[in-house]
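Working notes, beginning with the structure itself.
Order as written gives the chain letters A, B, C and D; numbering starts at 1 within each chain.
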Amino acid sequence: MKEALIQKEVLILDGLCAGFPARRGEVRVLDHVSLSVPKGKITGLVGESGCGKSMTARAVMNLIRHPGRVTGGRILLEGRDLLSMRKKERRMLQGREMAMIFQDPMSSLNPVMKVGKQVDEAVLVHEHVTHAEAKRRTLEMLEAAGVPDPERRYHSYPHQLSGGLRQRIMIAMAMVCRPKLLIADEPTTALDVTVEAQILDLMKEMSAKGTAVLLISHNLGAIARVCDDVSVMYAGKIVEQADICTLFDRPRHPYTRGLLSAVSSLRDGSEVLSVIPGHVPNLARLPAGCSFSPRCSCRGKECMEKTPEMREISPGHRIRCLWEEPGKKPGEKELETEGLAAE
Amino acid sequence: MLRKKEKQIVSDFEHRKADPAGPSEISEAYDLGEAETFGKLMLRMFRENKLSAVSLLVILLMILCTILAPVLTPYGETDMDLLNRLQPPSGDHWLGTDEGGRDVLTRLLYGSRVSLMVGIVPTLLSMVLGALLGVMAGYFGQWTDTVIMRLADIVLAFPSMLLAMVIMYTLGGGLFNVFLTLTLMNWGSVARIARSETLRLKKSEFVEAARSIGVSKWKIIFRHILPNCLPTLIVLFTLNVPAAILTESSLSFLGLGIQPPGASWGLMVNTGRQFLYNAPWLSFVPSAAIMVAVLSFNFLGDGLRDVLDPRLRKQ
Amino acid sequence: MKRILQALLVLLLVSLMLFGLLRIVPGNPVAVLMGEHANQATIDRLTAELGLDQPIHVQFFRYLSGAVRGDFGTSYSLGKPVSGLMGTAFVNTLLLSLAAALFAWITGGLCGLLAAIRKNSIPDRLFMGFSLLGISMPVFMAAMILQYVFAYWLHWVPISGTADWRSFILPAVALGWNSAGSIARLVRSALLDTLEEDYIDTARAKGLGKSGVLFRHALRNTMLPTVTMMALQLSALLSGAVITETVFSINGIGRLAVQAITARDIPLLQGTVLFSTAIVIFGNLVADFLYTVLDPRTRKEA
Amino acid sequence: MSEVLMEARNLVKDFPAGRHRAVHAVSDVSLELQEGKTLGLVGESGCGKSTLGRMLMHLIPPDSGEILIRGTPVTWLSDADFMKYRRMLQMVFQDPYASLNPRMSVRSLIAEPLETYRLHESRQETTRHVLELMSTVGLPEEFLHRYPHQFSGGQRQRIAIARALAPDPDLIICDEPVSALDVSVQNQILNLLKSLQQSRGLAFLFISHDLSVVRFISDRTAVMYLGKICETGPTEDVFREPLHPYTRFLTASVPMPDPHRRQERPKMAAGEMPSPISPPAGCRFHPRCPYAMPECSRTEPKLRRCGERQVACHLEK
């Protein structure tokens, strides 16, 4: 227990694997995912649809849907391994020590229950307090989450609220027990930009109060705005990991470079946008060797034979790529418009 | 019931359609790339749901028996044998004889003609009628919708048995009138479902896209809307057939359906009921036949629904 | 309010259609009633007495204004006012249907619930088999088997009639089995669907256990489709009552309707069918209202 | 200055929402689309931009106002009479998973407009044209007889584009064509659209909530808020120096993919866009506007011209 107290890392994923049975063997959705989420910081997890980032969140919260399951690795919350815990023990941590908010704030709230009651519930499950006390805590939290007129909103049903307000309710619900870890799975994807900015600010505020946040997003802009460290995911694997400035200034993995130049070419006024050719591979039929190799512009012969391991290239900067020399600059600006060329 | 994986795929797929921004990792991982022709779909259904395969076999067997009835039994449908009345099942009469000494098995086989036809023909008619009216109501809206759906409301407000009784009373008994009655009774619910499907499809982007090109109304209905309603309608068909068989048997049981000396399973139960205590097989054998037929269609319908249209489960 | 008006409109149209249907029957009903040997003068006198010589719309309005006041005319065959006949029959049908509905809702609901919780287990298979049997078996078959086994064979309950409460047990089970099957299947699939909703994940992420998720979040949402279904089952129950009442010789509305048809007694038939339909329409109204109570999304904004 | 291809004058559209209430989706919107140019239409969800696109497309009739194509009023033409203008304008929809009929093959999807306008005599000619279109948008020939569910989002959007190109239109209305796609695929589609525009002299109305996408593809940009246009102008001007406070707010809200510039964003308007059922009186943005003056809640600012730009704000006079 002592160790847990001095530990800075709230959440550590160590070689986490998850998958589900398919017709032939097993489809591996998460392949040795390792990352850590330190206290008081926002850690980003970025990738395109289908890369496994939501699955990571669900694995931590024990929400993987049947028939998917965790097949290996460890999930450590302040040093305690969640996977070896008893079911009930693990459940009691959920909502109290770690909480989650979801992508779609409409479908994530129970439509037939007043939102205030739904927040109350989070308190009542974990603490032996009166309903009045729970309500007081709820109102306090709604206020902190920036819900205007909390007393009135307490009695609203989800369909009566706007998307931004619903997401604030979700955040209040997640934070009401003051968890040590908050997992946010695409919290702003369903929202408009102006509201997105407000929600991101709110998350920043929460992390400043000491909560460790794992922010999952496909939006590099949102990641750049609030995160301290970032992991980039591709086809179930983490391909690059660094602090935010290093990742945006000196990306090393060709996929990260491709993503970044795709986004930045949209703004720097170039006539032709930079693209990554082809599209995300089907997890059931991953290419041999490096999963990214078919789309990689600087792949060598060995890329299609040898599976790269994660390795540290400078303190805190890890990549999963076979290319040794940084001077090589693999994957710099590609002017390929033929999207299907690589198929 | 047995197909979690399939359901998962479908639900994930639906989910992805509904919310394209939402990454759906599981469906990505599955191979959705293969085209599913109708044959492949059936194969998948049979692989995943053995019961539905068995049911289809039973139904085909029943139809075969119906056609081959004259070959399969040495007795005629109405051959009386007053010396052998109310005989229990024996070597000569596998399922015994009735109060007129007629062979029960023979009458069962001939009766299946009526019962299966009554199951299929009016259901088909009511599907066509209901689907057309429902699609029109949904697509054109306004007064077309009001008129058609009020009519459907009226039909659906009656307890179905009582409506059937009134119509049969007005028209008189007989096979053709049973067809007519069942068609009039059943189109309403089909129309309702077809309408709600149409409303859903009408809002879909591909119909809007067709309208933006300038495709004509009827072409949109026949090329875009009806083909997409088809899975729902097929499933509905297999679920309505057993309902029709049950209704006919109930009508005949009350003496309001098929008239003697014709044979239908319901009628056989009706006449057999007088001898319930000394010759119970007279009522129970045709009842069991009805049940087997209905069960088979229900199983088949369940299987089809799971493959073709998981949304229907809620209705 | 709008729903009530709509229901009244449907009821009006239903009575109109019923009236029309029963007037298409070829031949003068009075002549049929009197038999072959009646003389023309008597037939004419009786026709005039019953108002059957009036134009059809006059007959309809006369009937309608009577029906609103509770007067459904006089039964041809029994010679008594239809409303009185229906009064006694209604009590029996009500008792039977209520008992059947109770049986259907409780067993159906429980079976569906347990089957969904223990999805793909042996109890699930058993409950679903029981349900499928219910919806696949003709009502008369269920009735006859129950009658044969429990009344004729085991003598646990009376064979027929309405002598005491025990005689209602078999008819209620026979009648309710079918509905129980439909309800069980619906509850099961609705609950399984609800359990896949996103807000169930939210509840689990909050740390709620299985029962908490089920009772606090899933059940109420599962109720929504179920309530509509239960109202629909009312129509099925009244349909089935016709058969059950016949098999068990219960003097109810359904049996009255069958008797009316056999005796070609139009006022009686019209009265019973109209009355049953009114009950169904009323049941749907209640379901609509319940739905509004259960689902805040359908409520009007204050 | 190029010719005006399509013009909308004072379009209004309300949708009924229960008793005595209406969603004021589009209120008094005027805009011009020029031949061969792209107009970007940006705004948050629910601001009425899609409704506007559908009105221009003749899919829903406006309550009042006028639509002109090359100077001819077409607003109240019946569907049959409008047919001759249909060929000139086509549409690409947001959701590539929903905008293609799942039961039609690629061939019949792309051939549908060709058949509707009876552009070819024979089936072979139609097929040849379909193949030509497929190669234009970068789809290999062997996909001809496949069905939509066999394709990824980006490929489907290519099919939708080929379909829109089929009758050789002058204007394509793109309703959020890339918002359902991942970044790398999104860029492929945007490149395709831009090169098509240049090679074929197409005009686009590009509806999107994504400012950077609009910035890349548009010549001019119009910003919509709660059913009204609050600012229009050449894209670079609008983005570099927004005049309307809402535009300023919007451009500042977009998160930059650059961790060094995160604190640049000024903290401005809070809250969300109010419901279009009861829009605020006066300037519709005033409840959220940091510069709101008493006048703003009383009178509605008109769209005023200043140079090449137009802005509806009391501050800009």
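Rule of thumb we're sticking to: contacts are C-beta pairs under 8 Å (C-beta built on N, C-alpha and C of every residue); 3 or more make two chains touch, one makes a residue touch a chain.
All values derive from a computational prediction rather than experimental measurement.
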Practice item. Write down the chain pair with more C-beta contact pairs when B-C is set against A-C. Key: B-C
Exercise for review: Using mean Cα positions as chain centres, tell me which chain lies farthest from chain A.
Suggested key: C
Point to revise | Chain closest to the assembly centre - both centres taken as Cα means | key: B
Review point. Cα centroid separation between chain A and chain B, in whole Å?
Key: 49
Check your understanding: Where the centres are mean C-alpha positions, what is the separation of chain B from chain C, in Å?
Key -> 22
Check your understanding: Once you find the CA centre of chain A and the CA centre of chain C, what distance in Å lies between them?
Key -> 54
Practice item. Check each residue of chain B and list the ones that touch at least two other chains. Key: 4, 21, 33
Practice item. List, in ascending order, every residue of chain A touching at least 2 other chains. Key: 48-49, 65, 104, 218, 280
Study note, to complete from the structure: Where chain D touches two or more other chains at once, the residues are none
Practice item. In the complex, go through chain A and note every residue touching chain D. Key: 48-49, 148, 162-165, 192-198, 200, 218-227, 244-245, 248, 258-260, 262-267, 271-277, 279-280, 337-340
Exercise for review: Going by the contact rule at the top, pick out the chain C residues touching chain A in the complex.
Suggested key: 196-199, 201-209, 212, 216-217, 220-221, 224, 294-297, 301
Check your understanding: Taking the complex as given, what residues does chain B use to touch chain C?
Key -> 1-2, 4, 11, 150, 153-154, 156-163, 165-167, 169-170, 242, 246, 249-250, 253-256, 266, 269, 273, 276-277, 280, 283-284, 287-288, 290-291, 294-295, 298-299, 313-314
Check your understanding: For the complex, which residues does chain A have touching chain C?
Key -> 58, 61-63, 65, 88, 91-96, 99-100, 102, 104, 107-113, 118, 121-122, 125-126, 157, 159-160, 170, 173-174
Study note, to complete from the structure: Contacts from chain B onto chain D in the complex sit at residues 16-17, 20-21, 32-35, 204-206, 208-215, 223-224, 227-228
